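As written, the chain order gives the labels A, B, C, D, E and F, with residue 1 at the start of each chain.
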Amino acid sequence: AQELLQRMTDKCFRKCIGKPGSSLDNSEQKCIAMCMDRYMDAWNTVSRAYNSRLQ
Amino acid sequence: AEQQRAQFTAQVHNFMDVCWDKCVDKPGSKLDSRTEGCLASCVERFIDTTLSITNRFAQIVQKGGH
Amino acid sequence: AQELLQRMTDKCFRKCIGKPGSSLDNSEQKCIAMCMDRYMDAWNTVSRAYNSRLQ
Amino acid sequence: AEQQRAQFTAQVHNFMDVCWDKCVDKPGSKLDSRTEGCLASCVERFIDTTLSITNRFAQIVQKGGH
Amino acid sequence: AQELLQRMTDKCFRKCIGKPGSSLDNSEQKCIAMCMDRYMDAWNTVSRAYNSRLQ
Amino acid sequence: AEQQRAQFTAQVHNFMDVCWDKCVDKPGSKLDSRTEGCLASCVERFIDTTLSITNRFAQIVQKGGH
């Protein structure tokens, strides 16, 4: 899961943090939590699509 | 089987790199059906593209090169 | 040639496919074939330029 | 210690990849204080993001999966 | 330092060279020299920030 | 020689990554001469940049560091 966490962090940081400030503000924290959940949803969707193509 | 799973995972990372940027704009409170459809199509079309390029490449190589 | 095929696929998919649809349509297929041919032309041009610089 | 230094350096490369693009627009004749602040904050917020995602991920795994 | 030089070259080439011409002109050369110096400054700032976070 | 060829190929992949994006906009029915010229110049200027940065770096290191 190391690689997954790294890639997720990279994608979500780029999406959610505009100009980095002195702390993660509330909207940035929410964005990161949602981004992470959507990334894992997307991972599942992509895995399923790939898997069904391999059958 | 171990190796096959690692290859599967590596491919999914690869698809995610392309398809996340193409299909997900602002992450919302759930993955809406349009985004889901886009992700599934993105995987399908990427595989189509890979097959199409690999076939064409094999043809060129057989004909004795570019 | 594995790496070449992977990089070519990645570059041409990004250039030719806007929003992925239910199949590769005609114009996408043409774009991919042309993109691949141009990628190989470009590869040859770049190799030649690099090679002549190394002499 | 050798390995730790290599890991430290790899992380700095990783931060640079994200933070250089976020903070440095046109490189000038010196690194102005705004850019310096942006780079330092970028590292801090990236680490915060990593921790936040890692914790949330551990919670999800503990609860028995997504 | 190999990796540092490669990444620095890549970032500075992308920032300083618009359309590549028949030689590096004066303003491109200046831009590359400055970009390199700023990249190393930024590297030091980032290392310090990371290091103090690890303490 | 085997290893030299692998290094050559790796470098060409690296040039392609930068120069394809800089020089090729929409791939057409042939590589026009402007695009060809751009690709060749791109390789030349990238090598110039590498040499320029490497020399400057060596000077800084010799003078006893930044």
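Methods note: a residue touches a chain if its C-beta (ideal position, glycine included) is under 8 Å from a C-beta of that chain, and two chains touch if they have at least 3 such contacts.
Worth saying up front: this structure is predicted, and the values here are computed from it rather than measured.
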- By the touch rule set out at the top, what is the minimum number of steps from chain A to chain C? 2
- Item | Partner chains that chain B and chain E have in common | none
- Item | Most remote chain, CA-based centroid, reference being chain F | A
- Determine, using the mean of C-alpha atoms as each chain's centre, which chain is farthest from chain B. E
- Mind checking the centre-to-centre distance between chain C and chain F? Centres are C-alpha means, answer in whole Å. 18
- Could you tell me the distance, in whole angstrom, between the mean C-alpha positions of chain A and chain E? 29
- Shared-interface residues of chain B (touching two or more other chains) are 19, 23, 42, 44
- For chain A, which residues are shared contacts with two or more other chains? 12
- Answer with line, ring, star, complete or other to describe the graph linking chains that touch. ring
- Beginning at chain A, go round the ring through chain B first and name each chain as you reach it. A, B, C, F, E, D
- Query: Which residues of chain A touch chain B in their complex?
  - Reply: 3-4, 7, 11-12, 15, 31, 34-35, 37-39, 41-43, 45-51, 53
- State the interface residues of chain F toward chain C in the complex, per the touch definition above. 8-9, 11-13, 15-17, 19-20, 23-24, 26-31, 35-36, 39-40, 42-44, 47
- Query: Across the complex, what residues on chain C touch chain B?
  - Reply: 1, 5, 8-10, 12-14, 16-17, 19-24, 28-29, 32-33, 36, 40, 44
- Message: Taking the touch rule as given, give the residues of chain B at its contact with chain C in the complex, in rising order.
- Response: 18-19, 22-23, 38, 41-42, 44-46, 48-50, 52-54, 56-57, 60, 66
